[in-house]
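The structure is given below, and queries will be raised subsequently.
Letters A, B, C, D and E mark the chains in the order given here, with residues in each chain numbered from 1 onward.
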């Protein structure tokens, strides 16, 4: 479904990704793990069209994403939960969610999806008319996830969804991710909570210094000593 | 004598009672954990202590002085420094200069710029950003920015340091490093209040933990007691840790 | 005496409506795109000239030429946006405000001199057959041209307000304002949003220009003065509020008129500005602005 | 003081010395005149840079300081007060004004501050125009003995003073605090920086040098309307010159002011009919291609060179270390 | 850079390095003491753009046409060199900005070494530039300003063949009394005084002189330039029963005033609005509302001086319309300078200044010219009036192209 082929990406003069390749198949839950600054976020941004690869190609359902404008990705069915609970701080919670359903196919089902989201995160229903900027850190994170789901994507990319969430919620969110995935949504997960991520994922890639250095099922990866020592502490 | 004593602290936003009647103390040399579900008022408490918000009621005694209504910079000069959950670095200057601001103001401003630079550089090294000292902060990643903020707060030579989720987004191995660093900070005679959601860190670091829920203090005690407190498990942890 | 007072207030309101309409365009563009287009006054001037020449050469009634002036300014807006302003879209807010201000400055220099070269430095004004007519109500005169201008302004402003508040696109606009990268992520074509906002602003400026040329006069060097008035009115009303901006215009107009009535014409503008500062002292976010977090 | 700092001071002094020689080697008064104008603009841009660039408060009422400075200096001086006292008072009155308006106006943020200060300056402008509608021209005896040289040296000296003070400020603790306030006020305060103190100091220094520039203008001008220096274009010119040179830096406003005056004047003399078009276009080109100001030319060139010389990676590495000045050239946006 | 004296065959703008193509061809009859310069340099800084642009372009046209005419005849005879030397005129644009004007004048002084300055346009520009002439000791001849105060500073180098405020103030009432039979005169006068030095000066003079001629000031209003809203003033003047309106508005203010008077329904029987109605845009802007307004323009092309007809023809050729009101006085300025140079017989500035002070031109584009001690010209002060979209000369009688139309038809009956 998603095919990343040998991309090189960077900021100004600084190359961050070096020949990164991986794929995500329909219905799969794939995790991307790696230390701080390895280039995980950059990879997601490249897929989203926010950072153009210097070279290489990215295919989504056979369509070359490098040729599509960035705002088309949502329409194609890719959604992303940005790092650090980035939401529209000046808009209310409700407006944020409504905007999540921007692509035409999602807008049709807006009311229904909205209900689903309120069930998933009741706190958001309570804060409906609060400006997103005044939410607590964790509440923002919920809003960011919910907003991405509002677009009813085929591929959901999450950049550290557990970031700043209380333990109880982390469990809930991982359960929810699994549930969504089992319902058929393809998921690419970037996560620092490595153990949880590996438990969840069908397959994982390990990225270090901008290069893919390992891949396999969770058991396989957990058997690698370098993964254990570097990520599990 | 406690270093910090918070009494009956309350804060509401419009109709929302974000903090209500919270009291606790921090003894010198202690590491106090402040935990609670998302939106329970932890950051708000830190904001109240550092003068970013004015409480509706309550008092905050720091070194036997009520610091409520003191301007923020005065609070810092008394010896309280902090980091921000949503980072607020000085984006268009270098990491080193960020830290320099802390070093040249703060509680004990450095006598000369040269000395300040040396100390700041050392602090950056210590948090693991030595190689980025001369990068503009806007070119740094979120984690790196958090480290800059930590170094910057340390540079202000606080007696009390408030850390707001500096470990969010770290992987377990990195959390270990961070815990190590925090212990070292304590050894520099700095008292800490740590807000974290990473239970492992809370357990491993804190002498005492205060738990907030919906703005109220629902538990206080040693970490091991807290993780077994059924109320805490119900509203926050979800399961028994440790 | 009372009659004079009321008459003054009426004239103040009528002028204030023009201030309001002119400022709404600037306010929209600034609110949405964070482009501080200091060439706004020059766009107004171009609109005025479009209508003036249509009237002068082909006797097109200025109120009929309003849409044509708007159209002309849309074209100008598209060109300015694609050629210049679009290059600043991805900058952070502060840098965007700064860069567009500089671009706007350059554009205003060029447009002003272009106008002067093409149409001389003479003041131009449209005077139609009905220009001298007024309705009289209780001895108060309501000049037809100005009343119609005010109605036009009011209709335009309300329509715009509805469009932004009610429509989904309006929300998309506000989202884009905040964070273009994130707006892109959720599928908003940010360039289009910016372009639309920019040309609406230009069209509004153009129509305001037409009304100025009917009620007052236009001249190539008029831009700076109008830009300044627009900036003050926009801030008085509170950034980001369309209705607020318009009301700000009315208030300024009336304040000036009352000053002229009470202290004399020389301090007309001074008191208007003092009032503005007073408002800011009480409400640092302007009359209808939203206080920052 | 670092080696770079010493180099800056020395080169500034050398430049000033070279400029001091100009009147002795040219008899062309127009050159001297133009230079006086350049100096006034450098003072205006550099002084605006203190509050607008370093402390980050976009003040659009700078003309008020310039106007007050020239008003006070001119009136006192033409009334027969000693020139030096007239100038000093001309610089102090704007400072007093800055202190007066500072605290209330700093309650305003962003555009509100900018437009609020603009309104304040406009009030002064209109009031001055109402109170002093008459031209202030030097009496004929003064005109017949008018000599440009002392004006030139005064302008040069004041400019040098301004630049050196701004330079000192940019390297000082106060300057660092101002930058911190500019970048993130609340974070700065949480580190012990008093935002109000720093902003006030910046505004007062800014007013001081703008007032001095006004004094220079008053002393230099043979005849002008007293309200003329209050005209908002004085503010805008200073702002444009600063931005186009590079805001927040020491050299940026100088480069910007020189560019602004010289290019404009030379174009006006060379192309009487078309000069505004050419200037406008040139201005926009600079803005678009050097978004951080003309000061970027240097780093751009350097980066080009570095890219070209990929064969010498070690050298390139060295070059990548940015300056450790606290006031930076803002890097270009990609 | 410079706009050079445009000879008929030349494009108007040309680089200064080029020698004038119409350099004199006749060989000198005897060897001169000094080599003759190739041209007599004179220069001006004019507001060609900015708010005074509409005045500046008129002045520029007048200067250029005059220089063209003089050069076509070989230039100005200078005794010292015993030959005719053409004039080279350098014109800069000061963008209506006094500081820029100052630096342009300095440039003319040092680069071109002009022997005389021609003035720019508008009182406040002159007020800023005249001291420069004085300081540089360059004779200065300027029109398009009636401000008398400049002449009260004791300047030696300033000359202005243009009617000044005191003349205008007295003439206002003199002309009214001469043109309108007693009993019908608009004796109740309203004055709208602009808060500029000229506005204050002329307003004060009107006030001073009114009673002497049998007029009463029933309303005296002050306003800042560029006030869009005049309704309060108009209402008060109307309430006071004023029959005449005297003012010196700039163009936008003048247009706004008339529009608002018509809307409020107050038609003064007599209106003297100096400045605003001075160019053809007035009637374009206001249509019939602009009629009946009178002006003191200093000159008009319908005046019957010799040479005017030819000037009209040339202006028509170059610009496609008859000359505007400032073209004539500007033309005369050049005539004054040329005459002074010829009488001085040298290109020495002080000699030219002295010659200029002694000017006694029997005839020029604006009639005979002499100067008073203070540099103000003893010149005719004609009054013109807009009638049916045309400007007609209504005073003095010997130049009249129409009678003063009085009283004005109410606005709503036009």
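Miscellaneous remarks
Following the convention adopted for this analysis, a contact is a pair of C-beta atoms (placed from the backbone, for glycine too) under 8 Å apart; a residue touches a chain by one contact, two chains touch by 3 or more.
None of these values were measured; they are calculated from a predicted model.
Relative to subunit A, the chain whose mean Cα position lies farthest away is E. Centroid distances built from C-alpha atoms place E farthest away from subunit B.
Annotation: 31 Å between the Cα-based centres of subunit C and subunit D. Separation between the centroids of subunit C and subunit E, computed from CA atoms only, is 36 Å. Between subunit B and subunit E, the centres computed from C-alpha atoms are 76 Å apart. A separation of 48 Å divides the Cα centre of subunit A from that of subunit D.
The multi-chain contact residues of subunit C, meaning those touching 2 or more other chains, are 112-113, 266-267, 269. Residue positions of subunit B touching 2 or more other chains: none.
Annotation for subunit D: residues touching 2 or more other chains are 126, 130, 233, 273, 276, 330. Against subunit C, in their complex, subunit D makes its touches with residues 104, 107-109, 111-112, 115-116, 118-120, 122-123, 126-127, 130, 232-233, 236, 240, 243-244, 247, 273, 276-277, 279-281, 283-284, 287-288, 291, 330, 333.
On the subunit E side of its complex with subunit C, the touching residues are 49-54, 56-57, 96, 195, 221-224, 226-233, 235-236, 239, 251-252, 255-256, 259-260, 262-265, 279-281, 284-287, 289, 411-412, 414. Those residues of subunit C that touch subunit E in the shared complex are 4, 7-8, 11-12, 15, 56, 112-113, 116, 120-127, 131-134, 141, 143, 145-146, 215-217, 219-222, 225, 253, 256-257, 260-261, 264-269. The part of subunit E that touches subunit D in the complex is made up of residues 1-3, 13, 48-49, 91-93, 95, 97-100, 102-104, 106-107, 109-111, 124, 127-132, 134-137, 149-150, 153-156, 195-197, 199-200, 224. Interface residues of subunit A facing subunit B in the complex, by the touch rule stated above, are 11, 33, 35-37, 41, 83-84, 123, 134-139, 141-142, 160, 163-172, 192-195, 229-233.
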